[in-house]
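Chain nomenclature is as follows: A, B and C, assigned in order of appearance, with residue numbering initiated at 1 for each chain independently.
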Amino acid sequence: MNGDDELHPDLRDLARRIDPAGSGLADPAGSDPAGGVAEEVVRAIEAVLMVAIDPVPAALLAQLLEVPASTIDDLCRRLAAAYEEAGHGFRLVRIAGGWRYQSHPDLASVVERFVLEGQTARLSPAALETLAIVAYKQPISRAQIASIRGVDPDGVLRTLAARGWIDQVGRDPGPGQAVLWGTTATFLEKLGLDSLADLPPLADHVPGADVVEALEHGLRVPPASSDG
Amino acid sequence: MNGDDELHPDLRDLARRIDPAGSGLADPAGSDPAGGVAEEVVRAIEAVLMVAIDPVPAALLAQLLEVPASTIDDLCRRLAAAYEEAGHGFRLVRIAGGWRYQSHPDLASVVERFVLEGQTARLSPAALETLAIVAYKQPISRAQIASIRGVDPDGVLRTLAARGWIDQVGRDPGPGQAVLWGTTATFLEKLGLDSLADLPPLADHVPGADVVEALEHGLRVPPASSDG
Amino acid sequence: MAVEVSTPVFEGPFDLLLHLILEEKVDLYEISLTRIVDAYLTEIERMQAVDLEVATEFLLIAATLVELKARRLLPGRDDVDVDEELALWEERDLLLARLLECKTFKDVAAVLEGLADLAGRSWPRQAGLEERFLSLAPDPLEGLRPERLRQAFLRATTPRPVAAVDLHHVNPIRLTVAEAVDGLATRLAMVGRATFRALTDEMDDRIEVIVSFLAVLELFKQGFVDLEQFDVFGEIEVVWLGSELVTAFAVDDYEG
């Protein structure tokens, strides 16, 4: 820290934008207490996330740093944007209900060589479709999935459960007490989602009129000689 | 990166200082190839160090990124200074022969509070699996563990040893005299076991070939692109 | 049976039907039924486990298609029963609804795959605590049940899936359409005419009956037999028109 305030490093810049009046923040030696607090909170968030091994919920950070959780989320979002703008090789993201650092997807090829483990095996189309059905219709039974896909989903459900994407979340109260399946926190992590509410809306993917028409045409009942 | 070059985020600033003439670097869309390379190398260093568990030797980064080790050290030193200058809550430090991120000492009190909340009292899956392998297969060498897990276990072994759960229990009599690892009395104590003979037996639980096959059915991975 | 890697593998009857109608623009009304049926049978033969449930689902759909199509192929349909007609429409609408639902999830699955691909290009920070904080942290081994250790060992030693193309061989259905065509042609050449029921009397497997029906349709299409049906859904009479060139009879590639 050499006090060269001709430079505008991203943190101080961030603080200025969080507190636009910000006289205290632009100047590291400034005395504006509110601004100083914002900068200290941001620094503390950075420090904690650096040692965390799971996404850290905003509520926990809020409790530790004694500011409202909404402020934490707001600061993290701004911090993430500032990292991106500065072109860092890492990102701050909100995943599965918490904040965490991760490598930038741009640099996947380098990181992959370093971690050696490579990317996780991809899911088969069958597994992906089954996963989609579970994600949107959870809790859902094996039989309900079978009726949507027209295929026995047992093997695929076992695979998805073994990889931790889905889990048994309950039992159907009705007769038979079928096992009900739902997605896990791992699922959210693997998809980079914060919560199920972030799934793309299913309504956007209902086939358009052209598809419906094509299917109707393909399946149309021959008029036979029904005029008889 | 939105190309807003009115802002002076620290990375581009760093690049400018690395290459003071820096016409290509100050301008993100610039065409100076050397400058662009420097920025990409810095980003790659950030990405790799962000996901590394242990300090990463400059020589390893040099090999990954195909630049001389001296350049890596130089870039890391400058990057560390830029972080400090920007007032981040983390630091880039050279420790135990390598570079790594850690929380800023200024913020130790916050990190301590975070630790005391018990949020990190969880073994990573990698650590747990490695510990299990050592427990069941001891005495075992590093290379044998690597061949089971498919991943270099050095960092995890060090962590486990630092915790006092495993220790070096001998040397392989064969050529190379590899160090052999085993669990400690502390390990038994923590698990509430009287002796290793009390570990849950494996034999009757090893999944049969059919189970493994069923689990993998549905798992179709694209042809290996393993250049690791 | 060599399966080319690039050949799409259909995951079920809906999958295949969607592919045929949407990608191959197959119109059940206008195109040769053999093409659709052929694709179905190829899939059935290709199916990896003899999964009765899947096979049945395929055949139910095949049967619905055959029925939709047969109305056009078969003569003697002037006296259409309104109830039958409505039932067919209902069946068709049900099939349509199921196809639409299946298609919706298929499309959204592709979106989820894109999300997973992107997320898979980032790795999380997992370094954990620096040494100086370790003594503060609760001992993670405290309260670790030995059972979890055993599970971790099993997880670590379970072979990882290897990149492989999923080639599978299954009991083919006992009778292929080509074989059925051969058998029927030989038999009909001798007797001249027979009811479909008589031709399939000894078969107790529904698959074989359907295969035989398809074989009859194929013979009809190629002009080797005529079909007569005096009542709606009544007995179908198969009449041999063919020459003695039975052995030279070529069925276009029915073998899956």
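In this section, a residue touches a chain if its C-beta (ideal position, glycine included) is under 8 Å from a C-beta of that chain, and two chains touch if they have at least 3 such contacts.
These numbers come from a predicted model, not from an experiment.
**Student:** If you average the Cα atoms per chain, which one ends up farthest from chain B?
**Tutor:** So the chain farthest away from chain B turns out to be C.
**Student:** Which chain has its Cα centroid closest to the overall Cα centroid?
**Tutor:** A
**Student:** Using mean CA coordinates as chain centres, what's the chain A-chain C distance in Å?
**Tutor:** Here the centre of chain C sits 36 Å away from the centre of chain A.
**Student:** At what distance in angstrom does the C-alpha mean of chain B lie from that of chain A?
**Tutor:** Each chain reduced to its C-alpha mean, chain A and chain B end up 23 Å apart.
**Student:** Measuring from the mean C-alpha position of chain B to the mean C-alpha position of chain C, what distance in angstrom results?
**Tutor:** The computed centroid separation for chain B versus chain C comes out at 47 Å.
**Student:** Where in chain C do residues touch at least two different other chains?
**Tutor:** Each of 123-130, 133, 160-161 in chain C touches at least two other chains.
**Student:** Give the residues of chain A touching no fewer than two other chains, as numbers and ranges.
**Tutor:** 50-53, 90, 101-104, 111, 115, 121-123, 126
**Student:** Can you tell me which positions in chain C touch chain B when the two form their complex?
**Tutor:** Contact set of chain C toward chain B: 48, 123-134, 136-142, 144-150, 152-166.
**Student:** Could you pull out which chain B residues touch chain C in their complex?
**Tutor:** It comes out as residues 50-54, 100-103, 108, 111-112, 115-116, 118, 120-125, 128-133, 135-136, 148-150, 162-163, 165, 187, 190-193, 198-200, 202, 205-207, 212, 215-217, 219-224.
**Student:** Give every residue of chain B touching chain A within the complex, in rising order.
**Tutor:** Spelled out, the residues of chain B in touch with chain A are 1-2, 4, 7-13, 28, 39, 42-48, 50-52, 56, 64-65, 82, 84-90, 101-104, 106-107, 110-111, 113-115, 117, 119-120, 122, 124, 150-152, 214-222, 226-228.
**Student:** Please give the residue numbers of chain C that touch chain A in the complex, ascending.
**Tutor:** So the residues of chain C in touch with chain A come to 11-15, 18, 20-22, 25-29, 51, 53-54, 57, 61, 68-69, 71-72, 77-80, 85, 88-89, 92, 95-96, 98-113, 115-130, 133, 160-161.
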